[in-house]
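Given below, in the form of structure tokens, are the structures.
What follows is subunit A paired twice: with subunit B in the first complex and subunit C in the second.
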Partner chain A sequence: MNAIASQISVGLSIASILLLIALGLAIIYGTMGVINLAHGDFVMLGAYSVWFLQKQFGMNLITTLPFVFLIVGGVGWLAERLLIRHLYQRPLDTILATWGIGVILQQAIRLFAGAELRYVKMPQFLINPVHIFGYEDSAYRIFIFALAIALLVATYLLIYRTEFGLRMRAITQNRDVSRCFGINAGRIYALTFAYGAGLAGIAGALVSPLKSVAPDMGTSYVVDAFLVVVLGGVQSLLGTVASSYVIGQADGVLASLSDDTIAKAVVFLGVVVLIRLFPQGLFAMRVRRS
Partner chain B sequence: MISQRQTTHRLAAYAVFCVVILLVPLFVSDAYLLNKFARYIVFGILSLALSLSWGYAGILNLGQAVSFGLGSYCMAMALKLRTIPIQTGAGGLPDFMVWNNVHTLPWFWEPFHSYAFTLFAGLAVPAVIAFLIGWFIFRARVSGVYVAIITLAMLVVINLVIIDQQRYTGGFNGITDLTTFKLFGVEFGAYSVATYYLAAVILTLLLFLGLALMNSKTGLILQAIRDDETRVRYFGYDVANYQNFIFCVSAAVAGLAGMLYTLVMEFASPTFLAVPISLSIVIWCAVGGRASLLGAALGAIVVTGVQGSLSDSKTFLDTWMLIMGALFIVVVLFLPNGLISIGDVIRGRRQRRRRAAPARMPEHAEIAAPGRSAAR
Partner chain C sequence: MKINRRNFLKGTAAAGVAAATGFPHIWIKNASLAYAAGGEIKVGVLYSLTGTTAIIETSLNHATIMAIEEINAAGGINGMKVVPVVEDPASDPATFAEKARRLVVGEKCVSVFGSYTSASRKAVLPVFEKYHNLYWYPTLYEGRECSTNVIYTGAVPNQQQKDFIPWLIKNFGKKFYLIGSNYIYPKEENNVCKILLKRLGGEVVGEEYVPLGHSEFSAVINKFKETQPNVIFSTVVGDSVVALHRQYKAAGLNPKKMPMASLTTSEDEVAAMGGEFGAGHFTSAPYFMSYDSPENHRFVEAFKKRWGKDKTTNFVSEPAYFQVHLFRQAVAKLGKGDITPPQIRKAAWGQEYKAPEGLVKIDPKNSHTYLWPKIGEWQASGQAKIIEESKEWVEPLPYWAYPGQVCTPTGMVEKKS
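Coming up: the complex of A and B.
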């Protein structure tokens, strides 16, 4: 029984991280039809931001989180303003441009922070295990889970309960009509992209103490997040949440049965087969045509 | 429509390029340099493969390196089995298997004792994998950005599996210490003229075969699918079949490039099917010109050539990738059809200007006409 509980807890923590990454990806894709291949590198940038803030200013992981959000969000904002906004008419080319941005970020980190692995300290009070419902669990894992839920709720409120979210949804439905009503589409796009990037940054910050921080760490996360988006679709937050949970748990369970690689391969094959079976049902084809 | 004269010009450009690459060994005698050039030509083939599916059919395959790497591994397996055993165990087991406590040759290694099978497998294995993936995604009418995501995910997964299955694939180290490939009495050593010619002749053949394919009915339908998939579907063509066909052809060509690459490099490594190579292929293709076979091949040769002639140091390579990323973005933004289209872009501008000038004339004439009639 204990083994199953810990299994679920591991799966939940994988799912929480995935959720944060996929949430940003799905919001960006849902709103502007851009697949952001630099998303993994935003995750990486988040992890490096924590490392840098910790080394330079001796900050605690938790106090760095707002700064990480602002730093990575700022980079995302710049990327949208400088490049991506020129490519809304050519959806396939946004993939290339964002891949280019990813390369530049990765190489810039390699040149300025070094290619060697970096390590981030976990906050002292989260290292010890805690007892919950009679089980022992890592406090840090619970922290990740709680923060992911909090950010999910915040995102929900942002989209469905604020003026900004209203404008964002309006643009998603029909950009031209929304603009006629005086909504500044460019500004909303830039802020949406920045918000998605910021979420990826937070995810990067959260994984930084669990795994070593390296310039190419983003790739593996972003691939999983893509699978989440492909499986869950971008129409609803619920789809993203559900498929993060499914993929996170599948990853966790399969990894415990065999190993990480086989788990990834099986999950990938599963998603490809599911696409064939439910081409319309699991995700909506919304390639932007102008 | 492409005019007769443009077709002739294009054929001439292709011919000149092929003659140039075939003449290179007459002027280069340094074996090391020739090996480098052979490598660039292999990259040219690889980039051409992507141009077939991306430039002509609109299928952006971000996992092209999978086909390349698998082709490379096929060739390496065959050559490994023929290596004179130094550290091998009983029955000519490859050395890394001995280190990993594998006692019998795995079944999928067996057929690689035959060169005929190897050459077939180097093309067929990538093509079959592409077919299976393609069957799922094209039948489901997944297009555009999703193809890119799924192929990228496939690349990462297959790369992980190959590194993970160290007992059978050599893991991180790949397959090294290979013998020289020998066919019909000709030895294709990495530094030999024969290997260079082999690569150059294959690139030449592929350029013209590719051109013929793209000017055939199939090729025209593929280009129509790229421009408007739905309309082609309404004409009654089975879009998924055409897409899957070119996807497989592209994979097989990349597999061929992979086999050649093993000959040129003398090893196979999981880095051949890692994300950076796949990214490079897309960059070469985009920079050279995705919708032109020659452009794509030239893109690869020029970019890797410039890179190779500058430096090989680690910091330089990192800076170089940074520059490539920036160049890539600039090309995507301003020259979607790559450097090869510069001529067309300039010609288009001039034509537009010329067309704009006479276009104003009738306007003036029309306004002037009533006045003139009134004067009369």
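Coming up: the complex of A and C.
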């Protein structure tokens, strides 16, 4: 029983980090159709923002979160205004452009923060493990789990319960008709992109004390994020959640049965097969796109 | 060069000798003179300054440059200045080979100091073998190599593990969990570890390799909890080390009962993970920044003065530093016309130097180096407390795990048993 419980908690922990990383991408890729290869580097930028804020102002990880959201969101907003908005009619070119943004961000960090691994402090009260249901688990991982859920709920409310979300969904369905109804598509796109980038930044901030902070850390995260979003189905928050959970548990179970190297390969293979069978992802939403 | 009377006389004398001894001799003499032309000795410095391993390799570049500056400040080698030619191979083995060729053929360097990863070393070997040049490799590595064109100054598995494993068994117990990154170095180290464990009656309760750059260790940590090893023997490298240590502590594991014993965790990784996450774990290496010797105090002080107060020295940058001084001693033994890579190699054999870690010596049998293994326990300060030191220098045995194979001056020899 204990073994099963610990197995599930491993899977949940992996899943919550995946969800955190993928949420921002789901917004950008899902609503805007931009294949954002700079997503991993927004995650990296979030981690470095925390490092910088901690080093310069001695801030606690939790109090840095709003600032990180604004910093990385701001960078995302700039990227959209300066570059990506010119490429909405050329989706393939956005791949190259966003990859370029990623490279620029990485090198900028190398220049200004140096290439060495950086240290981000974990909040003191979350370092030691806690006992729940007679099982010892990392307090910080539970904290990440809770925040992932909180951000998910916030995003859900933003999309489905606000005026902004309504406009966003309208544009997703048909950009031209929405514009006829007086929706400023450019502004909505810019804010959406900024929001997605900001979420990536928060994800980076949250994983940094558990993992490591280096200029090239984004590469593996962007792969994970795409894996989740593609499997879950574009434009579906529920799909993102479900696929994070499926991939997380599969990863955890396979890693326990064999090792992480095998688990990674098998999960990839599984996703490839699933995409072959369900090209739209597990939770495709039927919408007409212009 | 200014033409003055003395140089003019020397020049005419040389021309006279050349004329007397005939054509082939001139040819050979000219070729070797080109290596130390104009009172300068050119050496290559081949460490990545960009790319994935740039972090650590930059410190190797720094240590090398610092040693060269020291040599020149002290008057050079027999009056000749050492001129470093720095190339950036960008953490890419193919670029390593290309830059090595440029250093050896284009720049006519008499030796090249370089490489951190085994992959990059393997990539440049054909260049050095083809042009009979000499490569100085400072990193601890998996052994099982015996090139006649390399001087190896880093530790091989027997040097890091011979004292470490028995010490771990004595202090913590016989159950070992082996965890490493998925490439050749951890696998060879674990081979040696398993042989030692078998001899000492130890037991391997798990052996596992994670992808390079892996950062999600929750499944691995779960297995630690299930198998309850006495020691976690880690050859995980790079930023994975940081992630593993942080998640270990966050999961509530206790280094007093189940310490991680590593061959790859250095001051740099501990600084990145935060001292409190490294505290209580162990590393075996010939060098620690905190080692108490006059040579080391001088080395650390000079390094910080030259490259910045916050810089750390580690078990790779120290050999990168002392191997340049071994090079100096070898070249100093040679006449000006004899400064060629093969002659330097011969002259380097048996050279001893008082390095920061202790007196080291290049083994004439296999061109590897006698070193002083130590066991350090990491402290919350980010430095290691040295709790065991080898009583004598330890002989390098690159084929320790492969009975019947021996490294000799002419390459690896298979002994029929």
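Here is the rule we use: the second predicted complex is superposed on the first by the 280 of 290 C-alpha atoms of A that agree within 3 Å, B and C clash if a C-alpha of one lies under 4 Å from a C-alpha of the other, contacts with A are read in each partner's own complex, and residues count from 1 in each chain.
As a convention for this text, a contact is a pair of C-beta atoms (placed from the backbone, for glycine too) under 8 Å apart; a residue touches a chain by one contact, two chains touch by 3 or more.
Small disclaimer: the values here were computed from a predicted structure and weren't measured.
Participant: Give one of first, second, both or neither to describe whether A:S6 is in contact with subunit B, with subunit C, with both, or with none.
Facilitator: second
Participant: Would you check which partner chain A:S220 touches, where first means subunit B only, second means subunit C only, and both and neither mean what they say?
Facilitator: So A:S220 meets both subunit B and subunit C here.
Participant: Does subunit B (first) or subunit C (second) touch A:V75, or do both, or does neither?
Facilitator: Neither partner.
Participant: A:H86 contacts which: subunit B (first), subunit C (second), both, neither?
Facilitator: Touch status of A:H86: first partner only.
Participant: Of the partners subunit B and subunit C, which touch A:A108 in the superposed model: first, second, both, neither?
Facilitator: A:A108: touches subunit B, not subunit C.
Participant: Now for A:L199: first (subunit B), second (subunit C), both, or neither, which partner does it touch?
Facilitator: Once the two structures are laid over each other on A, A:L199 reaches no partner at all.
Participant: One more residue to check, A:L152. First (subunit B), second (subunit C), both or neither?
Facilitator: Neither partner.
Participant: Once the structures are superposed on A, label A:E116 by its partner contacts, choosing first (subunit B), second (subunit C), both or neither.
Facilitator: The second partner, subunit C, only.
Participant: In the overlaid three-chain picture, which partner chain does A:P209 touch, first (subunit B) or second (subunit C), both, or neither?
Facilitator: Second partner only, subunit C.
Participant: Based on the A-chain superposition described above, do subunit B and subunit C contact any of the same residues on subunit A, and if so which?
Facilitator: Subunit A residues touching both partners: 110, 115, 216, 220, 259-261, 264.
Participant: Which of the residues in subunit A end up touching subunit B in this complex?
Facilitator: 35, 37, 83, 86-87, 90-93, 95-97, 99-104, 106-108, 110-111, 115, 216, 219-220, 223, 226-227, 229-230, 259-262, 264-265, 268, 271-273, 275-276, 279, 285, 287
Participant: Enumerate the contact residues on subunit B facing subunit A in the complex.
Facilitator: The contact residues of subunit B facing subunit A are 58, 60, 62, 133, 135-137, 139-146, 148-150, 152-154, 156-158, 160-161, 163-164, 275, 279, 282, 286, 315, 318-319, 321-322, 324-326, 328-329, 332-333, 336.
Participant: Which residues of subunit C touch subunit A in the complex?
Facilitator: Touching subunit A: residues 50, 52, 54-55, 58, 182, 208-211, 213-216, 218-220, 222-223, 225-226, 239-240, 242-243, 246-247, 249-252, 268-269, 271-274, 276 of subunit C.
Participant: So in the complex, the part of subunit A that touches subunit C is made up of which residues?
Facilitator: Contact set of subunit A toward subunit C: 3, 6-7, 10, 13-14, 17, 110, 115-119, 121-122, 126-129, 136-141, 209-214, 216-217, 220, 251-252, 255-256, 259-261, 263-264.
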